[in-house]
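After this come two complexes, each holding chain A, first together with chain B and then together with chain C.
This part shows the complex of A and B:
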């Protein structure tokens, strides 16, 4: 994978410049409509979600701007506005809308956004963790024992049993951990954005980039792990 | 572009609306009423729909279908629990329920198509043009099979269904247009058979649904059942009489239960009265609002859980909701209003008629599709997660619930055995982990070229369109060729069957329209005669001799034309009778009888 071509607006210009209008065959340079015949153009399947929504690959995104762009493009693509158009245009409208909706859903949530960016930048799928993160190992093993014990004793007369109280406090601790992880991630997001803004192509910048990505990956998967345990806990003790 | 109408195809009542001068309007029938009861009756002279069919509920219960929406997109097994409540005979064929009416069996989409045709004709008569395109509403929580069945119904009725939209979102469109609302709103829609809750964000003409939830089996019908069950129990205890053996009386019980419930929304006390068979006289029971509320409490509570889930999915708390909008006839119940108000902590809105608001919204959506309204856009979601069956009977989710539609997901398939030529795919909808706890939507077999295991790569795209209906396509990644798929729905009519039904339906349509109008006029005439008799008994002594004699002679005239073949003549005499009873109606205390005399609420007095 080429690590040097991800400077901001690059990929989109390239892809758009290369495309031709499916209808009149003239060159489509700019946005999503042909300049000449004004027909809607299919959003390239290779287009990443950031580009699709017209945002640089940054992890801090202004929610209002993102929403405004989503609404704007929805008005451009939504099948409601293609009812009187040709079958080809209707198909494009449907495909574009589906893509736009996925893009928006992904970028709207900071965690999903980061996971997606990691995917784009480091090319790997989401790592699913099966064992607890090292620094939580002891804590979580003990928690599993308590949970099993709690499940085994049944839930008949346990309104405020000691086990339940213990699980409750565990849950609070873990939720705090999750918040801590999210705070750390937030810092990494800022570091990433700064590095991107500088746009340096030095060895040092590359090393820095790899470090941030690696840490992000680790924290993201730890957070998912903890989050799953918390929701498991929540559904058990109610 | 030809006109598109908006249709609310309800469990109990259906309506059709259109847009004129930037404002949606509901189309009334000849009698001035906007609601068509969703009832279809098979009479000796053919099929009839609406008010006149409602008259047959107690006359020929086994041949009069109501609440058919409960059976859309369902198999017999899905409704086992409530079969006993329906007087008509249900069977199943090819995963689809069939309703026996006389000699023939009809699928729920065919019955719904009869209601749709009635609305279509109503619109055609009113607007003086032929209507072929429609937007039809469905409960937001309808699954794929139920949506597809609704679309089929439209096709069978000769309508091009340009869009299926969700009832609460339709309501929000009507509200948004009228009230220029902005912010976050919750639409609580409790109708005759279904319950929906939708949470939307309204901003600059965009109506974005954040989350939706509901119960497609919770509505006014269920409240009626609670009360009806109590009547039947008491009658059994007091008289040793089991009404279950008398389908016509069971219908009377159901209707009286509903009437009692409705009265208690306005009043604190009501008396239910039923004539009993076998010379057992009358059953009369005083009811208080408290009593009805304690019978309804559990059902109302059941609607609150979906509200909480929808809030949670939207990532909101009740405090974040700026406005609560009530839709559906059952929201007239004071208990419902109280509970909804308590949950959201604010007084709900009900400025627009809860009966009409969904149809009005459908007309707005129709106008958007025809290019008339360009500043509004509805972004709806899919109510249920979509997935496929994987190893071990587990469902793997592809598109999560509350994802904005259109939505798509791709999945790559390959083979496990050398030379394998097909992969079976089972599509599901639902929120549970195990396949068997979710709804089976369809199955299909993906054709694969015979190659070593793992070499074929077939990409399957699952696309939920703006109607919330699934489309599946496949592409061989190696050759780039697209594959056509024969998807077999688990609970639905096949394309061939729909085709055949469209054909049959045209034959039915060609059946003399006059004959139908005659049946309707005769039925209505009978009802007005009956109402007049009743009214004379109640208030005859309060009007003058002159009035009485003109009423008697008008009645005789209606009676005489009724046996003739001219529906216009019958209606003319009915109008005379209405004029003659004008004074009588005024002095009557009984409002439902009064309205019946004015030919308004036929069904209320039978």
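This part shows the complex of A and C:
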């Protein structure tokens, strides 16, 4: 898919799956509403969330701009404003609102946004990996043993303190690691955006693209593993 | 969503939890993870004369992931290496009555079995090459 075309498109231009108005059959020129009969147009489920909200496929997004766009479209599509309209328009309003909400929720969070982009660009990041980070996994499983030990001793036991201290320091280390991973991800996001902005179609650019996506995938999933054990630690030792 | 009785049973009373030494003879280790939920699973088999005589697991994850790997180790014991290859995630889903949102836990268990068997095979092949 050519994802460079979006960058030149204005924020209001939206590529509808149907180029013809469902109501008056006149050509729809890439708006959420038909120019001629002013009927609301269904946002296709095939559209990616970036396009749906009129943003280019970038990982750095201005939160205020995103929010403003979301509110603008929420008002435009809200089912309350379609109560006196035809059944067809009510259905479109519902569908568009649902799509809009999901799109906004996904793009609002930088990590979810990146996971979604990866999903679009390189297949699902959520696939089970075949070459997992064995060292990290060993560490997590070992830590889980210590956690179980701690849970078994209970809070009154005398062995609690050293174990608790150990877990606390593990937690600090892992939290730092999570922050480091997020910083690396942030750098990758910037690299991705720059590459997109250049819009080159050379072999070198393609190799760079694959490298960024691969590293992003790796850091995103490792971050999930670390985040999980951190939250388990936090809920156990408080 | 409520867990099935079998999941609860395996979760509260997991079978074969623990681990073998990785470099022990006849031991195959499978280590897999699901980035989707952050679950991590380690499953090990101990093979003698082409038969799995023992299996152990360690899982960091939800109840269904623990139950899936616990059940997998139970099934693995006594099977030949070839029979073990035939264990499918759908068998686990059926036995544990896993809901659709937890199917990936059974996939993870199947992947762990496959990885453990592959690791064992690699060890055997390596030993053969060394012997030559």
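Just so it is clear, the second predicted complex is superposed on the first by the 200 of 238 C-alpha atoms of A that agree within 3 Å, B and C clash if a C-alpha of one lies under 4 Å from a C-alpha of the other, contacts with A are read in each partner's own complex, and residues count from 1 in each chain.
Convention: a residue touches a chain if its C-beta (ideal position, glycine included) is under 8 Å from a C-beta of that chain, and two chains touch if they have at least 3 such contacts.
These numbers come from a predicted model, not from an experiment.
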Which holds for A:105: it touches chain B only (first), chain C only (second), both, or neither? first
In the superposed arrangement, which partner chain does A:78 touch: chain B (first), chain C (second), both, or neither? first
Report for A:140: first if it touches chain B alone, second if chain C alone, otherwise both or neither. second
Per the overlay, which chain contacts more chain A residues, chain B or chain C? C
Overlap of the chain B and chain C footprints on chain A, listed as residue numbers: none
Along chain C, where are the residues that touch chain A in the complex? 31-40, 42, 58, 60, 104, 107-108, 111, 115
Per the contact definition, I'd like the list of chain A residues that touch chain B in the complex. 71, 74-75, 78-81, 83-84, 94-95, 97-99, 101-102, 104-105
So in the complex, which bits of chain A are touching chain C? 125-130, 132-134, 137-138, 140-141, 144-145, 220-221, 224-225, 227-229, 232
Which residues of chain B touch chain A in their complex? 1, 162-163, 203-204, 206, 208, 365, 368-371, 374, 377-379, 403-408, 463, 465-466
